[in-house]
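Pasting the structures in now, so scroll down.
Two complexes, one shared chain (subunit A), two partners (subunit B, subunit C).
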Partner chain A sequence: MRGGQLLAASLVPTPYLTRGMIMTNVDTKPSNYSTFPSWPENNHEIPTWIYSNEQLFDREMEVFFGGNTWNYVGLECEVPEPNSFKRSWIGTTQVVVTRDAGNQIHVVENRCTHRGTPVCWKQRGDASSLVCPYHQWTFGLDGKLLGLPFIRGAFGKGGMPKDFDKSSHGLRAAKVVVRGGGIWASFGESPPPLEDYFGPEILSLYDRFLNGRPLKLLGYSRQILPNNWKLYHENLRDLYHAAILHTFLVTYGLYRADVEHLNDTPENGRHEYGKSIFSKKTRDQVNEAVHEMTLRREGQILNEMSMVEPEIEFDDGLTSNFNVFPSVHIQQHGNIFSMRHIIPKDVRSMELAWTQFGYADDSSELEMARLKQANLVGPAGYISAEDGEVLALIQTNVERHPDVLQPLEMGGRDINLPSDNMLNEDLLRSFYRFYRREMGL
Partner chain B sequence: MAWRKVASKDDLKSDEGFPVQIDGCRIGLYLVDGEVFAIGDNCPHQAGVLLSEGWFEEGVIECPMHQSRFDVRTGNCLNPPALEDVPRFEIRVEGGDIFVDEPAG
Partner chain C sequence: MFLCLLEILVIETVGNRIISPIQGSAYMALADIRELSASLVLRLRLQEFYEKYCIKLDQLDLESWSKMFDNTARYEITSRENYSQGLPYATMFCEGLAMIKDRAEATVGTVIFEDRVLRRFVSCLEVVDRTGDELSCHANFLVTESIAENESRIIAVGQYVDLIREMPNGEFVILRRQCVVDNYWLPRSFPLPI
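Then we have the complex of A and B:
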């Protein structure tokens, strides 16, 4: 008989303790928590050390991305065919999103269980299996280890021990839920049902436009933001800045203080949403208050005004922007549909990966409108470029001065939500109350 | 039918495949309960890998590279990563010599 079973048991190294699994216990506070700098017991003072403390960052990754949360990893239309894949991230962990031959979606960690090599080196593509380039360990699209070269040795020599168990060396697989064309994954031991994680308010905003109508990928843009990832989550919840920093929005009537707004942080501060009614009537209405407040200038015309004159495509006229913490900000603004995937890199940098999409059955005019308006957002967008600029410069300062308490007192010192105006920081206070509770800080 | 002698039955062992070639076409011979079978020897999953160099047991050959298994009596692929079957060839044994029907084309 050929084979590798001649290896004596005593020569076989002790099996890896972790068997390819990273164990996280989000219920146990590390004993070194007391070593974190202080944070006053109130809602309105935010210490600057939280933007550069590496130990805190590690804990955030464990609690929020390794814990019982649901993370956006991509759209079904990005893995459109059986045997297609795309790479994505759950926090700092790279994953591969696959659609197997039976149309099942899987999310597996991009880390060979043998030597830690990424098994997938392409951003998107087609494959019936994932083959590690280092030793050609070959995994199914569900992460199962299918085979490895010379498991039985060759010519009677070498090979794996006879009791080597392929079934315990699969790629680490996340739990997966597909809803309305979005793919959600969790590395947690026992995440709640996705619906419960979203909660009723986020769920209704999500289902409202991601309702199973097939989606079409329109494109990507990606940017590295040299700032702590929490600064971006803050920015999304910072109503105060919107009309002040983003003058483009105001100038062209895309953001209006005179329309009905509602903002809240549902699920005890975990998520966030903002919605407003945007109708043709609103768009065209001339309002003195707005005129003064926004310094809107007569005659400020774009060559391509369709950029800022969206087609009204929903009967309810609703514009909705919502954050499903910790991984994504979902935007339905004008005719823009976008997923802003928030991908922390380290304590002082993150990636923001934008996916622009529409419906598969959009008219060509509507698709063109979505594509044009996509220029408003993203790294070179007319609007959101400023956020990245500001946050990068904040990072430099808060790192240099980690012992400062910054005031979030706009709108008061407690938390009054939902909010119907933009001149408050209740969403931020609510976020940090949630954050401290989850982090045990 | 054009029968070509490719081996003697004595060449075959019950626990090993036996690789042969006809005009560059690679074929693996196998002995199952005294009966000879011949199937295509190239793994459909990875070019250049010969199945007959793999582990042979109970009528099943296992690819040495990624352990896809094939039924040597039919050529049927039994598990991934290979997804396709390999061809089966007709066999004739006469006086201890093994003849394989020359592959078409």
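Then we have the complex of A and C:
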């Protein structure tokens, strides 16, 4: 079955396999590949079976969330005090993010090693240990099994065998890296250093605004998207739709085909970023590209412009959105700072957990600006709500018709990146080249 | 109206004393009757206001909806999770009437979503506090969504946490409405106010 891996790798153009490239799935054993339906050996045709195949989903969870990847699990400011915790997810595995008495951050699986009971029944809180309610097995915030009732029995009866080893029954603990206020975890055996996993381009976009300046949690939106999680990753890489579906952007001149921007999929297609410069001048200019967008209504203006006229926080004037695959899309759009945590539930649904935040030393005016602009994103977002609608409807159709090949030919059939225009699907072709290599498909 | 008639009837019949409708054997002073009837009338009028709010939204008449808010009003849809932790972010956040109007206009004219019928059900209205002309009120809400080719379903259940002003002319206007949604998850999109 390992042959599937080699075969797929041999189809990839040689320059693509560069030295030092990170393969997430080197530790895991591919299984049952022969049962997957076919997929043409090109970059531009995507089969619809990949959105509803349960076996494929299981494999994705193993390779991407269980492999040598780094997963976003939360912000340090969500566990602000020693002996505090919050729950989170790495793929379909629920974890508890803790800060111990010595200020060390840990990420442990929320599953008692005895009978499988979740040891943490609260979304967040304060605790100096994690006690399973079922039999009161007690774990440290680092996951170590500290003790259990009647380990030596009572009145000379019962109890654990003499050689029962507490040290081998701790909660499964993930490797943890904290950087710039973000908490990253890995269940992989040998994940690369976080910096290498991000790569230089993502790292510079990340460090640009998550630079150690203390963060302040503003709040959450959570929604269930009834679509395969890959459709969401596709949507994030789909430049072509942005100025067409999102009429709010077009109507109010916020993001259009004629906006200066740059997109790429660094680390051999694994991640993705987009950065653009928004100016008032762009908003007011009407040109050829704008006339193509028939939905734009002349003279339409907002009553409250502050929502779309951000305070300048960074000298470079950049707006940046980037995806650290597989778990999060990080956004600095004007004054909106948001983490979109991608939590697959099953082959046909995912949770999208939005965490909005700012800096701890924000003025009240800047915090208000963040709260107002956040209307653009989230489940009720002028922009993001539409993506949820479209993806849910796509899921219904691709599930009914799993044997269709869908074309991704905008901008050609090969992959030319970085991209300085929105009229292409290179980011998507690049994503699936990466995906197939990792999955051995 | 009914209560006013009741009060007049009572005064005419038994002077200023009446058998209390609450405790059969006790008597109630006229002042108490007036207070009771005033509070019941307020309750009916508030209930009417809350229902009008639902009716306007159910009819997708977002322009009329926006007119129920004061110039300085804040409108929020937030989660129980945010509310109970005192977190300021809200899924829908309008500070001032201008933003409420923007929400009304953009939702109906610009944002793309599948046709749907939402119905809002409101109950357990409670005036928690009153300071001058400002009423602090709570009420439960339940919102259903019906989309073609789909079962109708509940998309939100929670509580309105409100500050309402009673105007000199007896009309109400919303100073602040927080729609605190109890459900942990919102659906695929939540484009409409509740």
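Keep this in mind: the second predicted complex is superposed on the first by the 387 of 441 C-alpha atoms of A that agree within 3 Å, B and C clash if a C-alpha of one lies under 4 Å from a C-alpha of the other, contacts with A are read in each partner's own complex, and residues count from 1 in each chain.
One rule holds in what follows: contacts are C-beta pairs under 8 Å (C-beta built on N, C-alpha and C of every residue); 3 or more make two chains touch, one makes a residue touch a chain.
Note that the structure is a prediction, hence the values are computed from the model and not measured.
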In the superposition, subunit B vs subunit C on subunit A residues touched: C
Subunit B versus subunit C as contact partner of A:405, first or second or both or neither: neither
Subunit B versus subunit C as contact partner of A:138, first or second or both or neither: first
Which of subunit B and subunit C A:151 touches, first, second, both or neither: first
Partner chain(s) touched by A:129 [first = subunit B, second = subunit C, both, neither]: first
Which of subunit B and subunit C A:247 touches, first, second, both or neither: second
Doubly contacted residues of subunit A, that is, touched by subunit B and again by subunit C: none
Contact footprint of subunit C on subunit A as seen in their complex: 123-124, 217-227, 245, 247-248, 251, 297, 302-304, 307, 351, 356, 367-368, 371-372, 374-375, 378-380, 382, 385-386, 388-389, 391-393
Subunit B partner contacts - residues on subunit A that touch it in the complex: 1-3, 101, 128-129, 136, 138, 140, 146-152, 154, 166
List of subunit B residues in touch with subunit A within their complex: 15-16, 53-55, 62-68, 79-81, 83
Subunit C residues touching subunit A - in the complex, by the definition given at the top: 77-79, 81-82, 85, 87-96, 98-99, 101-103, 105-106, 109-114, 184-191
